[in-house]
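Next up: some structures, all given as structure tokens.
Same chain, two partners: subunit A is paired with subunit B first, then with subunit C.
Our next item is the complex of A and B:
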């Protein structure tokens, strides 16, 4: 499991889960699960296009996810947010279906792009992934306070001169970068579980932002590590484990909070 | 492709595709208007995505794929109801969690499909649809499911619309929001199953929210919006099927997928509707007068 061809995956996954926890914290705070679901799927045809043109898949992913962010902002400006997000998602997936129908390696390629592949990281991919992770960390450090304020108290943020549309762009860009990186490992469909599950579970357990962030990182790393290990042993798709572990974490955290509140109410009585 | 040289309407796969596609466009347009008015587009999309796990399982168990899609969509609907989609603050997260778990299951079932049976194309046909490959035996079940949706909406039209547009007023009139919400989710599950069969589970959202989203921009009354949504949905599906059929000749024997054309047409219709609404000044009116409850 820790042989040389798996080392790249372990390093990349650890870095991805770390930044995913931070970006996911904002996904949960901004209630943007739909956008977090749509952007990775918007990146998905990029991999197919790169496959067709014979360029590095990461470039294709970044190009398409960038177009996704721009188009999403335009669509959201035109109408309802959820309708715009949904239409962006199906448009890009439709294009992805078309591009995949043109390649010869149809079914297996689709499957690993959509549901993840433990061996999705080659040695050449590792450095770009770590570079982008560093970029995301810098972005979060630079914008942490305004983003947090805009996500939790938008009115107060506006009073302080923080522009909501700019924060939205910053948030979507960070989200897009994480989506493009995580896609080859976790799969287009399950990237967002990694983004939503651990922070949502953390948020159910604590109200303090710093504690929530720390818990999100722990949960995200635990989630991806166990998913990779289980996927390696069983040979089942990694997406299945990320999805079910993410949902399990959330359910357990919610039940714990529920139970805790009951206990407290009981003591108060 | 096995379409051969026979003309468009006499080809058997095309006939089946037209019937199932028409059902899908019709029911998704009707239920889509309610879904968008209630701000449930994400939930609708999630149901469709999760239904893919049922589609994948049906390959595995050898049962009717429509039943598979439907069963999983209903399970997801109850799951979301249980986790609290009704509270607006919790809705986004609860939907996301159910969606993640469902897609995870779908990953597993599709993997098992590929390894235990010889259906290598399962992932593609469940996710992205293959309209010209729908077996004729599924026409009957698709018609029954569609009739079920239309019957439910027809019987509950007034309380459903009132709940979608003015939930407080509906509650004051003694309408049980919970029951209406649940029945609507059941109808949504039926519609999603038919759509998933036609253009694939993850693309079903296109028919569900595209035509309805465009229609709401174009009209001032709910009934009018439903008519517009039906017209747009049917045009997109019929146009998509025809273009995919013809694309066999356009691209010298490489037919493009039907789902791609349908989705692209839906998207273009949405853009056109937004433009028309702007030019005609529909959106210049205070939206609250037209659609009271919804922020646009």
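Our next item is the complex of A and C:
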């Protein structure tokens, strides 16, 4: 399980889970789970386009998520963020279908883009992943307080000179970077689980922002490590394990919070 | 002051000193929110100026604390009351809030000032409406502003909570020697603590002490038709004059509308 060809997988997965927890803190706090679903899934045609043009898939993904962020902000400016996000998602998937129809040998690659290919991380893939991870963590650490206040109460943030539209751009850009970077490794669906499952479980357990951030990282790492190990032993797809563990964490943590609140209310009565 | 091509406020002028509580009274659409937004530097003023400690707009932000009318926190937001208060100090700063250091003393002081110690470590989303309001007041106070503005703080509060809030505002005004500006539909709950009144009707204002402003002559001129002022104990009621059956006709005859140029 820790043989040399698996080492890159462990390093990449650990880094991705770490940044997913950081960005996921705000995905959950800002109720932006739909955007976190749409951006990675909408980005995957970028890999198909890169394949057609014969360039590095990461470049195609970055171009597509970049367009996704810009289009999303345009659509959102017209109101109805949820509708705009949904339409954008299907628009990009449609483009992806068109690009795929132009190549014949792409079907297995599509499957790996959706569900991940953790065992196929090469040494050359690793550096861009680590670079983008570092960039995103720095971004979240820098903007943590303005983003937190803006997510909590935009009016109060505005009084401190924190502009909501700028915070939205910062957040979506960091989210897009995570999506593009993690897509070829853990796949579009698993990025989404890592972005929302562990942070949502952490936020159910504590109201202290720093503690929630730490718990998110612990849960995300626990989720991806155990999924890789279980996938290695059982030969079942990793997607099954990440999806199950992510949903399980969330369910257990939310149940605990409900139970806790009911206990408190009961005593208060 | 114009907004969307419409003149919202005209010839409104008043001064407020530290240790004074000023009530901005007016019905919906009288221009209360516009006046507040101009003080906060969110709406530009066409003619005239809003000075706070003689400071310009760029310096003003740190000197003004603001408590919006609508306060509703997401139940799940990972933020305790003390975190919200600390963000009042350093929400605009970059970096993680890892080492509160001497900020903790300021945060504790602000929590104490509004009586929020009991729920300091609770999530803001789990607090009651009145507690959330106190949390936001502490968030505004922690930077030690010279002027504290509250937009309709008494709306949506039951009698008990409203009385407690009015007492708190009176206490903050005196002990911290700050100027407090409160908007309200009804002046009565505030009468025990109010020092100055700005009475807004249709974008124009009468200002002064309660005794000076709440007089039939002053208010009739402001409304443009005769009004009666009833006093019952410590309560005041302002009503359209029952004697003037034809108020429209009476307006033109008795009270010429002051059409001043801006």
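The rule is short, and it goes like this: the second predicted complex is superposed on the first by the 258 of 269 C-alpha atoms of A that agree within 3 Å, B and C clash if a C-alpha of one lies under 4 Å from a C-alpha of the other, contacts with A are read in each partner's own complex, and residues count from 1 in each chain.
Note that a residue touches a chain if its C-beta (ideal position, glycine included) is under 8 Å from a C-beta of that chain, and two chains touch if they have at least 3 such contacts.
The structure presented is a predicted model; accordingly, all values stated were derived computationally and were not measured.
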| item | value |
| --- | --- |
| First, second, both or neither for A:76, with subunit B first and subunit C second | neither |
| First, second, both or neither for A:247, with subunit B first and subunit C second | first |
| Which of subunit B and subunit C A:217 touches, first, second, both or neither | neither |
| Between subunit B and subunit C, more extensive residue contact with subunit A | B |
| Subunit B versus subunit C as contact partner of A:179, first or second or both or neither | neither |
| First, second, both or neither for A:86, with subunit B first and subunit C second | first |
| Subunit B versus subunit C as contact partner of A:31, first or second or both or neither | both |
| Subunit B versus subunit C as contact partner of A:236, first or second or both or neither | first |
| Subunit B versus subunit C as contact partner of A:102, first or second or both or neither | first |
| First (subunit B), second (subunit C), both or neither touched by A:196 | first |
| Footprint overlap on subunit A, where subunit B in one structure and subunit C in the other make contact | 28, 31 |
| In the complex with subunit A, residue positions of subunit C that touch it | 40, 42, 61, 64, 66, 68, 71, 73-74, 76-80, 83-84, 87-88, 90-98, 121-124, 126, 136, 139 |
| Contact set on subunit A toward subunit C in their complex | 25, 28-29, 31, 141-146, 148-149, 151-153, 155-162, 202-204, 206-210, 212 |
| Subunit B residues within the subunit A interface of the complex | 36, 39, 41-42, 44-45, 49, 83, 89, 92-93, 95-108, 110-111, 114, 120-124, 127-128, 200, 202-203, 205-206, 209-210, 213, 217, 254, 256-257, 259-260, 262-264, 266-267, 270, 274, 294, 296 |
| Complex interface listing, subunit A residues touching subunit B | 28, 31-34, 36-37, 41, 78-80, 82-83, 85-87, 89-91, 93-95, 97-98, 100-102, 106-107, 110-111, 114-116, 187, 189-190, 192-193, 196-197, 200, 236-237, 239-244, 246-247, 250-251, 254 |
